[in-house]
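Pasting a structure below so you can have a look.
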Amino acid sequence: MKKLKVGIVGASGYSGEELCTILARHPFVEISCVTSRQHAGKRLVDVLPRLAGRKDLASLTFINPDPEALKSEEAGIFFLALPHGQSAIYAKALLSAGKRVLDLSADFRLRDLARYKEFYQIDHPAPELLTEAVYGLPEIVREQIREARLVACPGCYPTSILLPLIPLLRQKKISPERIIASCLSGVSGAGRKTDVSLLYAECNESARAYGVPKHRHLSEIEQELEILTGAFYPLTFVPHLIPLTRGMIATLYVEPTGDFDADDALHIWSETFADEPFVRVSKNLPDAKHVTGTNYCDLSARFDDRTGRLLLFSALDNLTKGAAGQGVQNLNIIAGCDEEAGLLV
Amino acid sequence: MKKLKVGIVGASGYSGEELCTILARHPFVEISCVTSRQHAGKRLVDVLPRLAGRKDLASLTFINPDPEALKSEEAGIFFLALPHGQSAIYAKALLSAGKRVLDLSADFRLRDLARYKEFYQIDHPAPELLTEAVYGLPEIVREQIREARLVACPGCYPTSILLPLIPLLRQKKISPERIIASCLSGVSGAGRKTDVSLLYAECNESARAYGVPKHRHLSEIEQELEILTGAFYPLTFVPHLIPLTRGMIATLYVEPTGDFDADDALHIWSETFADEPFVRVSKNLPDAKHVTGTNYCDLSARFDDRTGRLLLFSALDNLTKGAAGQGVQNLNIIAGCDEEAGLLV
Amino acid sequence: MKKLKVGIVGASGYSGEELCTILARHPFVEISCVTSRQHAGKRLVDVLPRLAGRKDLASLTFINPDPEALKSEEAGIFFLALPHGQSAIYAKALLSAGKRVLDLSADFRLRDLARYKEFYQIDHPAPELLTEAVYGLPEIVREQIREARLVACPGCYPTSILLPLIPLLRQKKISPERIIASCLSGVSGAGRKTDVSLLYAECNESARAYGVPKHRHLSEIEQELEILTGAFYPLTFVPHLIPLTRGMIATLYVEPTGDFDADDALHIWSETFADEPFVRVSKNLPDAKHVTGTNYCDLSARFDDRTGRLLLFSALDNLTKGAAGQGVQNLNIIAGCDEEAGLLV
Amino acid sequence: MKKLKVGIVGASGYSGEELCTILARHPFVEISCVTSRQHAGKRLVDVLPRLAGRKDLASLTFINPDPEALKSEEAGIFFLALPHGQSAIYAKALLSAGKRVLDLSADFRLRDLARYKEFYQIDHPAPELLTEAVYGLPEIVREQIREARLVACPGCYPTSILLPLIPLLRQKKISPERIIASCLSGVSGAGRKTDVSLLYAECNESARAYGVPKHRHLSEIEQELEILTGAFYPLTFVPHLIPLTRGMIATLYVEPTGDFDADDALHIWSETFADEPFVRVSKNLPDAKHVTGTNYCDLSARFDDRTGRLLLFSALDNLTKGAAGQGVQNLNIIAGCDEEAGLLV
């Protein structure tokens, strides 16, 4: 199989670096272009020391991320690992040059301009592309991804919340009302940003809720639930920052619509995800360390018969299934190759 | 002021060590007796290296914890930092010898034998003492503690959950129904136990729910809410283990009974706890690192106007306000000295 | 290429689990047998949750590690991930049945019985095999490994110390006298052992030297330097335990024999290791996080012109290049396949 | 005893915050003035959440650090917790107004202008004060501190290295030649600086040497050894950054001048430091976690009879005995109060 040439815009942040790592081991992909404003002119293997020594990457040099210049790059598919607001500009240019785009930012996750503005406080830079973009959660919309020119890869929190919820909501086994998502995230989720609150001495031995009650990721979670159920059901979502480099835990509090317990949830998930390479269903409660560096999303459930609530648990790595890994999974779908390619470690 | 002589039974576990640390700096207390089955015969300053060099502790040697022998010890007040089931046996002996007892275990927290058996799976070793024991949450029952012979110090989770809940429930501002407590705990909460799941390499880069849906601490939380409201309202409680040595975060999802938001909650707490030395109310979300090693319980709140839920947040140190510090606070109440004595760091 | 069938004795410890992880992604290997005394009868994917969902491992069930029974296993090559003393017994049985053995323990690293007894305090269980065993540091003795029936994979500290030292000693650029190795190790190096000192709450926020001055790994380091130089030069070696799950840093203080500085060291290493897939030489000081989960050993150097000392730095992952990864590298050499197979992540 | 009024210039960095914490519990001190360029106008208890709720601090508001304005402050003694280069300017102004100054920066640690310029790359801002400044290591020069107007508090690494070395060098039991110091430091030592390399995700699971071979702290270590021995002996010093918030470990490799082993070293230290409240000598190797948050420096030793080297070990908390705690110890000496005041936790 001839290797697919791929570009990565914003390759020196945490998600960008993870993309480089995964694609470097991908049997069917060749990274042909990497950008980094900060490191333009330097060799990738000098900037990302974990990848030093990879012969196949030795020739890669960071270039400045110029939308126009990127149009003439050889790569036919581009990952965008940029902040929201910026991604849209690059997507627009690249699509106009016939490239396909896998965007890890939030720019194309929302279909509604008003919701985008409400949650991101800016006017959308490329509203005309919103209808075309596919919200790329492979386990839910694999077929649409296959043909998409523009895939908006879901956020880490939304992935950890939607994967357990959707199968149960679809079968109307749980109520879309009064759902609560209490989540824990590692610090890399905030990006390689020089912010005092992200310093080691601020995050170590620390645990804290943040972004309450209206974290930006809520917008895409509620959108997807609305698409599924046909009505708007607001969610209570409380993210917490804990001392992990990578990893995410979601604990969901939901109400069954009828006689439905944890085993039933496991059963529906097991059926729904039977052929999914990256969803693992288990009776054991998930642990972040079991998915670190992998593209898995682990699921489990418990029924609280004292309150009648169903408790759903998921774990994933925010940089893999929550970002770069899911992006590569989408790439594999588009490229028609083994969906696990590059993603088994 | 003549120093109060105090004994510590089980002084070499994490809570016991924390008791030694606090009492070593306590201006009005002298530790006169420390027990440790494992370290009997060794000097305290040799077993607990953090306390090496403390001249006032230099003469203390661990003795074997024999209930009968302890009766003739000079100390008039004893802390019990033992596993449940064992504590009761020591309490019984010590009380019969006219000593007062501050128990950090669960043995005297529940008033109902059936509830004890349901949650702890053993018959209570000293049922006759249950009616007498005071559930020692100073902010709630200070006056009863003052005269108590036997104080059952609350668990760490219950403290972090009851302190924010009680003032709001008492004023009927929130419903006792459908309360959810999603909590995070550091690893010292599990004690100095040689269990594979508590190894560094198992807890680092790990985050996991456990003890769902019926963690033992639920029993005392529900009991206290029942005492307060006059009816039984089961709670959904999900504890998570995260990579902290010390620290605990509680995020509570509750429903206001009427027009009541976060500012109102802050207001009620501020009034209720106006004279409390160890409860801090703030608009800022609490962070475990701000209470590590202190006896504070930090509180904050947010109103989620999208779902009508009120979110309550607390943070404390599981070994201090969640165990030894609260024990010493109770001691200070009993001794009639400044409640902050030994507890300001 | 037909897949090579491989057995892993002691597959549920940290090194054993890492072997499973690496071999599960190895293109030319099939794990056909895994043992675990503790987990006999359970499926591997149930015991090692990181590997759950791997279809190719789904049929593997842990068996009891019985030396005689293992002789009739189909696998032609066995990894031993056992404590020293036990490994030798299995090696003896397996070799007698015509199997080849890659031992991760210390049992066959030393050629001298007296040295073994001095450092390990037991009589060697299979002295007749010592002469045959190859000390499997691929970068040094690749050709001998190729034909070996019994490979003793070096310890983690020795690998991190010998790789930088040997090329410089071989060319007599540094003196074998007065060498000091100051090393840092993550906690997984101590194994999945229920020891109080390895608990999370004991290792977090902790850093401590241990095993001074005669850590067991010193024996093999000195042996290899003796083989190289023809004389015995004792080394000062101080290992420290620091709060990492995985990772190892060696800082070596050596004395050049003549006019020889850091650039010269980098030059010799670059030449010596030019074709080595797993040694990376850089002007930048190595960092444990850049090698975590990889089979790389990173090297750098600084000349301290104020004291005339040369400072050598290395980093590796104690479970990969320091144990399981090096074992698989040796397997690849024996199997004649790409030495990087299974080892690029 | 009337409370001593003290000012803290630079009170919102890690050392400044630690000063606030210690002085807040100090029985004989009142913080009367705190500066912070960034937080001027805000209340201290709002900026430093660990100190929220301290009634005695409730009235403190950060002011802008203006040297002239500070001259008219009521406080008679000032701590400077500022970067080098800046401290000298404040010291000059404050001394001219008759205040006494305890400087935590490097500005007054070196007596020689050329050495200052060599290591700090700037011309000294107040050279006329150098002769007057006392290098404030209480265990070595207590009497000079008592009368000093300007105390230069030693750096964290120098404290951890000089305390074990000086008694042995003074008695000529070890050679001042060929000393090696291999040190480990927690991340708070780098200050509350927004530097990518200090982010949680960069420091967690990381360990790395840095600042080799000429870390700035080398200058004061060598100066002090020169003062002691009368000759210049360069030292090899390799600091490493490890994933601790607080804590420092020094491992020193030295050569005895004669028949002198670890017990002899312990004996000399025990004698030298017999009356020192903050030096603890033990047969057990020190551990960072035993000194976290304390002002102790723990010492131990091992003799490596195989190489004839003596290994010295020390541990301290870089923010306490390595900075703020030592500063307060110096304050206590100057104030003539109990040297442990405020420093026992």
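Letters A, B, C and D mark the chains in the order given here, with residues in each chain numbered from 1 onward.
Everything below uses one rule, namely that a contact is a pair of C-beta atoms (placed from the backbone, for glycine too) under 8 Å apart; a residue touches a chain by one contact, two chains touch by 3 or more.
Here the structure is a predicted model, which is why all the values come from computation and not from measurement.
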- Item | Self-contact between copies subunit A and subunit B, residue sets same or different by half | same
- Among the chains, which one keeps its Cα centre farthest from the Cα centre of subunit C? B
- Interchain centroid distance [CA atoms averaged], subunit B/subunit D, Å: 36
- Gap in Å, rounded to a whole number, between the CA centres of subunit D and subunit C: 40
- Item | Per-residue overlap in subunit B, given as positions that touch at least 2 other chains | 202, 204-205, 243-246, 287, 289
- Which residues of subunit B touch subunit C in the complex? 14, 186-188, 192-196, 198-205, 243-246
- Query: In the complex formed with subunit A, which residues of subunit C make contact?
  - Reply: 21, 24-25, 49-50, 52-54, 205, 277-278, 280, 282, 284, 287, 289-291, 293-294, 296, 298, 344-345
- subunit A-touching residues of subunit B, taken from the complex the two chains share: 178, 180, 182, 184, 202, 204-210, 212-214, 234-236, 238, 240, 242-247, 249, 251, 253, 285-289, 292, 302-307, 309, 311, 313, 315
